[in-house]
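Quick one: this structure, given as structure tokens, is what I'll be asking you about.
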Amino acid sequence: MSPTSEPTADEPQHRSPDVDHTNLTSAPELTAADLGLTFEGGHRAIEEVGFRIAPGEFVSIVGPSGCGKSTLLRLVAGLLTPTAGTLDVGATSRDEHRPAFVFQDPRLLPWRSVTGNVRLPLELLGQTSAETAATIASALELVGLTGEDATKSPRMLSGGMRMRVSLARALVTEPTLFLLDEPFGALDDIIRQRLNEDLVAIWQQRRPTTLFVTHNVSEAVFLSQRVLVMTPGPGRIAAEFAVPFEFPRRPGLRAETRFAELTGEVSATLREVSA
Amino acid sequence: MRHPLRGLLSVLMPPLLLLLLVLAVWHTLTVALEIESFLLPAPLDVVRAGWGDAALFLKAGFRTGAAAVGGFLASLIVGCVAACLFAQSVWIRRSCYPYAIFLQTVPIVAIAPLIVVWCGYGMQSVILVSFIVSLFPIITSATTGLLSVDPDLLDLFRLYDARRLTVLWKLRLPSAVPYIVSGARTSSGLAVIGAIVGEFFTGYGSSSYGLGYLIMQSSTLLKTDRLFAAVFVSTLLGLAVFGAVSSIGTAILRHWYGTE
Amino acid sequence: GTGNEPAGPSADAEGNAPIKVRLALNWYPEAEHGGYYAALVNGYYADEGLDVEIIPGGPNSPVIQRVARGDVEFGIENADRVLVGRAQGADIVTVMAPIQTNPQCLMVHAESGIESFEELKDLTLMMSSGAPWAIYLQKQLPLEGCEIVPNPGSVAQFLANKETAQQGYVFSEPYVVREKGGEARPLMIADLGYNPYTSVLIVSSKQIEQNAEVVQKMVRASVRGWKAYLESPEETNRYIHEQNPEMSVDILAFGADQVRPLCITAEVPLDRLGTMTADRWQTMADQLIEVDAIEAGQVTPSEAFTLEFLDPVAEPSTGEASTGTDP
Amino acid sequence: MRHPLRGLLSVLMPPLLLLLLVLAVWHTLTVALEIESFLLPAPLDVVRAGWGDAALFLKAGFRTGAAAVGGFLASLIVGCVAACLFAQSVWIRRSCYPYAIFLQTVPIVAIAPLIVVWCGYGMQSVILVSFIVSLFPIITSATTGLLSVDPDLLDLFRLYDARRLTVLWKLRLPSAVPYIVSGARTSSGLAVIGAIVGEFFTGYGSSSYGLGYLIMQSSTLLKTDRLFAAVFVSTLLGLAVFGAVSSIGTAILRHWYGTE
Amino acid sequence: MSPTSEPTADEPQHRSPDVDHTNLTSAPELTAADLGLTFEGGHRAIEEVGFRIAPGEFVSIVGPSGCGKSTLLRLVAGLLTPTAGTLDVGATSRDEHRPAFVFQDPRLLPWRSVTGNVRLPLELLGQTSAETAATIASALELVGLTGEDATKSPRMLSGGMRMRVSLARALVTEPTLFLLDEPFGALDDIIRQRLNEDLVAIWQQRRPTTLFVTHNVSEAVFLSQRVLVMTPGPGRIAAEFAVPFEFPRRPGLRAETRFAELTGEVSATLREVSA
């Protein structure tokens, strides 16, 4: 596909044939047409954005800083209301497909410990502490935080640890719609790659519809079924790339030529639109 | 590393030194400017007046203090509850603030008859006045605090469609704690003056009296040294309540926020 | 228990349990309430089968309101306020008036040489300028060059500044001034013609209707108390001092001395203590109308008081001294 | 999209509706419970009393209001300056807070003679009392604000060895603005009651009077309708000052912090 | 050098011969011996850290999340006081070698515009607005912020834009000691690579002594003369690698085999110590 071709909502879905469907929960389909958002001050953040994301699809979004990626995610999450166009998140009630959101800034409640912060979404969904303890522990383990860390207050955490807490907070609810705004930005490569693999595994298991914002093109390619490239603000979708690699994706994939080729292609497009 | 007694000493030294300085200046003023003792008594006279009747001042202080603490606690609770209501919508705020302001701007002398007729003379009326006088700062600072929430955290709660009550309980109230503490500091002093003024107008008559009676009568009878001794006790009372509120507040803030 | 306790209430002659009544004062206990305390201390109330609780007051005590509502059975007020209260709808009645001459005065410094109201000139007058007597005073006098400022509640200002005059009660403030080394000359407001009865005993008319007998007993004992107080106030003063410890026994003694000539006047000898005249009530009402405290026609002065509970023997035959209906 | 008049209407509607409700309840109370008018006048009587003497109430309100605004502004300035000192060190705080508390807990009746001797009778003394009464909330909330600074931002300033004064001016004061606004809200009401109380003791004579005189006089004469009318005007005054402070505060907060 | 060999302060400096010395300002030498920091709660963040960093040297620090990298930088900046060992930052007065610090969290003053935030250090150093306007404009340009962005308030910025403002704030003072705590964490690859190159250029021109914390091994290798690898907390220095490539480093370097080899070696060590 040519990187300049505009994607439309009618485009065929890219679904890899080797995905594990056994555990498939019904995930929402996301459709946007002519979506636009102008902030109150008059700043146009995104413009004429259209896409269709299949239930259970994993789509990455890359684009220059300030192009409106976070804004797009907030629109999908229902935290902002579009000022133009339509957006359908495939749910009749908010309860049905409640998004889990990893914010770009890892905002934690300063008066709660790490565990307390991770427990928050469960509390808000009405689960009692008794049944949640194990869930929380496993989420914390997944992001590589120890039992000692679990009792710390947010002020005593390093930047990366805060980000991981925020990630655990999103994971703990087992969502069907997963919105991640650069969750791995502040993490070292080791933990980042491990989390990449874990994220793929989680996604394969539960198949949430996933929108993943990142600055790292190779991460985008490694994780997703499709990569959307946005233009500088006001952001539009400049190009989209199908990622035809089979799942589960193994670390070895990064070393393969087809991976390097696709990554190079996406990077080139990104550089082009940024210029 | 540090001897606990030295710690205590270092806490008390500076205020005591300043106190000595103030007393010296005050003494010099009364002597040098020949200020009449019925206007401003010499510090020594005040001490003598207070010391001579220490038991009485202590008892009066306790009585007034109890009412002040009662009024303060009532304000704290009612003020926080009211602020929670106020934080719910700008309409409630707009509609109800006038009544809160009424409570703050109404001179006690104007409503004292109502209070006395409905609650009678005595402690309960004094507490009520102390409550009325100290309520507003809690309402206004708690409301400000409840509304000054980090918008990103609010988004987090919105994601889960948290009910208003949940947002209030789990986000707004904890965020408002520093503001509530600041309001409580102000209220603590107001509760004391409220109790004293309450005693002026709705107090216990005179057989079992608080500082309000002492102040009123010493003022009428121009026993200025006694008057200042009573005022001094009321300041100590204010300090005690303020100190307690501050320490608790600081402890909470340090524990929760790691700030001073 | 200092031995100054009033004689406790006991069953009366017929063996009935004592009747509990409350008497609300309009200020902290002072010499102006001396007779009522004397009745308590000397057991006159108990003799009548009454168990009287005297409730001290203070600034702005709502005595009229409480009596009118029936929160307390009896109250002590000044006669002009009784009229003001009636004008506002408080159905209260005066049943005795121990102090015939109003103790309200305007103090000037003795060294100022001022001897009469007409000489008030170029002074700062510290007085509750909204009070009826103060308005009356302003209407009556030219007060050339005088500045009227609020009454600060203490005589400090007065002592500090010789160019001042200040309101006071003749048995209290002048004493304080003297104690602090000053000398005050009181100019009696009564001499201006504004002379409401003071420390009068009030009840609600409902009380009179339903419990005339109790009112009768109360008045009788109170009159006895006042007579006793004027004769020998010492023991009562000690009791008042206990109730109001900031008032020294000395100042109370001074007060008792001052209050005697205010109670026993040329028109009202000791044996008619407590009596009132319709003329004076009428004058008072007219004066209040004059100073805008009440509106014309708002009160009927004759309804504001009754002499029916005072000893009829001592009364000149003016009113129908009926004994009232049985409860 | 929105008609400006409709906007204004929607701002005024809820408080007015509540006001009507309160008036209805109040009216019913006075009628049904047969509450005597010398205790609690019927709302209509209050309106009549106020309306009949509107010019007089207006004039008195203006006089008191001017003193209240003066006292409030003085508190705002002095309070912020004091808080800046207090924020400098825990010693200063410990040493000076007692004196601030003294100002808050001292009954005006106790220091009225001093004030009058030093400042004389009249507006200046009324302003002084209003200032004394409204000072403390500013001091305490501004101090809390000055101390609740983001530690990371403090580090930034430490990197450049910024002098205390610079940290104060460029970091602490701007950070404290929300707290100062909250304190100023409290103070605004206190300034009004302070001016009224000031008029009780140090105010004008009877020729040119403020609300304090009207309240005292109506209370003496048991004219409760007039009394409540005066109290109502003082509440309006409090509302006006509070509203102004709030609007300015909200504007500043919105401009600077983007929060409500 | 073997990745397991402990570095000492006496080790020879690695200075490339082709560095531009013409513009050299005197930069400080940093020496640490047995450096340790235990937080008040009793948590040991770093332990027995020793290094010597030559004047004008560019050293990167990599290590697992929470290992004490930020803590180390704060110690060097004088924001924390060591609880063990010695640290010499080669300055007799703080004025002499005042560090410029890019914090991991881009904390900005919320009541100042972008320009106002960047101007802050200059104000604190006593420079007047007149002379600073141009400096600020060029610093903002360097990090890719437009004139429109310059007037925005921090709340209206995207995450990456906030980070770039914080970078500009550090650059504007032309420091001789430069401490960067993951300055490029939230940036897209395009801008990140451009800023990498700009940073090298700035460093070459003014030769500040530079400590650069990153999660990105290839970034560390691309930028620096030496890479220090830290162990998980309590952090020690597990290994150090000299980076023998010539300056200026051109984008092409990333494609070369020797670059890939060194990067691989560092990554392997990092993975080893993290395990």
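For reference, chains read A, B, C, D and E in written order, and residue numbers begin at 1 within each chain.
Methods note: a residue touches a chain if its C-beta (ideal position, glycine included) is under 8 Å from a C-beta of that chain, and two chains touch if they have at least 3 such contacts.
Owing to the predicted nature of the structure, the values given are computational and were not obtained by experimental measurement.
Touching chain A and chain C together: B.
The most distant chain from chain E, with centres taken as the mean of CA atoms, is C. Chain pair with the most C-beta contact pairs: B-D. Chain A and chain D have Cα centroids lying 51 Å from one another.
Chain centres here are Cα averages; for chain C and chain E they lie 88 Å apart. One finds 37 Å separating the Cα centroids of chain B and chain C. In chain E, the residues that reach two or more other chains under the touch definition are 105. The multi-chain contact residues of chain C, meaning those touching 2 or more other chains, are 60, 65, 69, 153-154, 156, 160. In chain D, 39, 109, 113, 117, 200, 216, 219, 258 are the positions where the chain touches two or more neighbouring chains simultaneously. Working note: touching chain pairs come out as A-B, A-E, B-C, B-D, C-D, D-E. Interface of chain A with chain B (complex): residues 74, 77-79, 94-95, 98-101, 103, 105, 107, 109-111, 120-121, 123-125, 153, 155.
Of all residues in chain B, those touching chain A in their complex are 150, 152-153, 155-162, 166, 170-171, 174, 177, 256-258. Contact residues of chain B toward chain C in the complex are 36, 38-39, 56, 109, 112-113, 116-117, 120-121, 200-201, 203, 205-207, 213-214, 216-224, 226. Of all residues in chain A, those touching chain E in their complex are 39, 41, 43, 62-66, 69-70, 104-105, 144, 149, 156-161, 164, 181-182, 185-192, 215-217, 267, 270-271, 274. Residues 11, 14-15, 17-19, 22, 39-40, 91-92, 94-99, 101-102, 104-107, 109-110, 113-114, 117, 136-137, 140-141, 144-145, 147-149, 151, 178-179, 181-183, 185-186, 189-190, 192-193, 196-197, 200, 212, 215-216, 219, 227-228, 230-231, 234-235, 237-239, 242, 253, 258-260 of chain B touch chain D in their complex.
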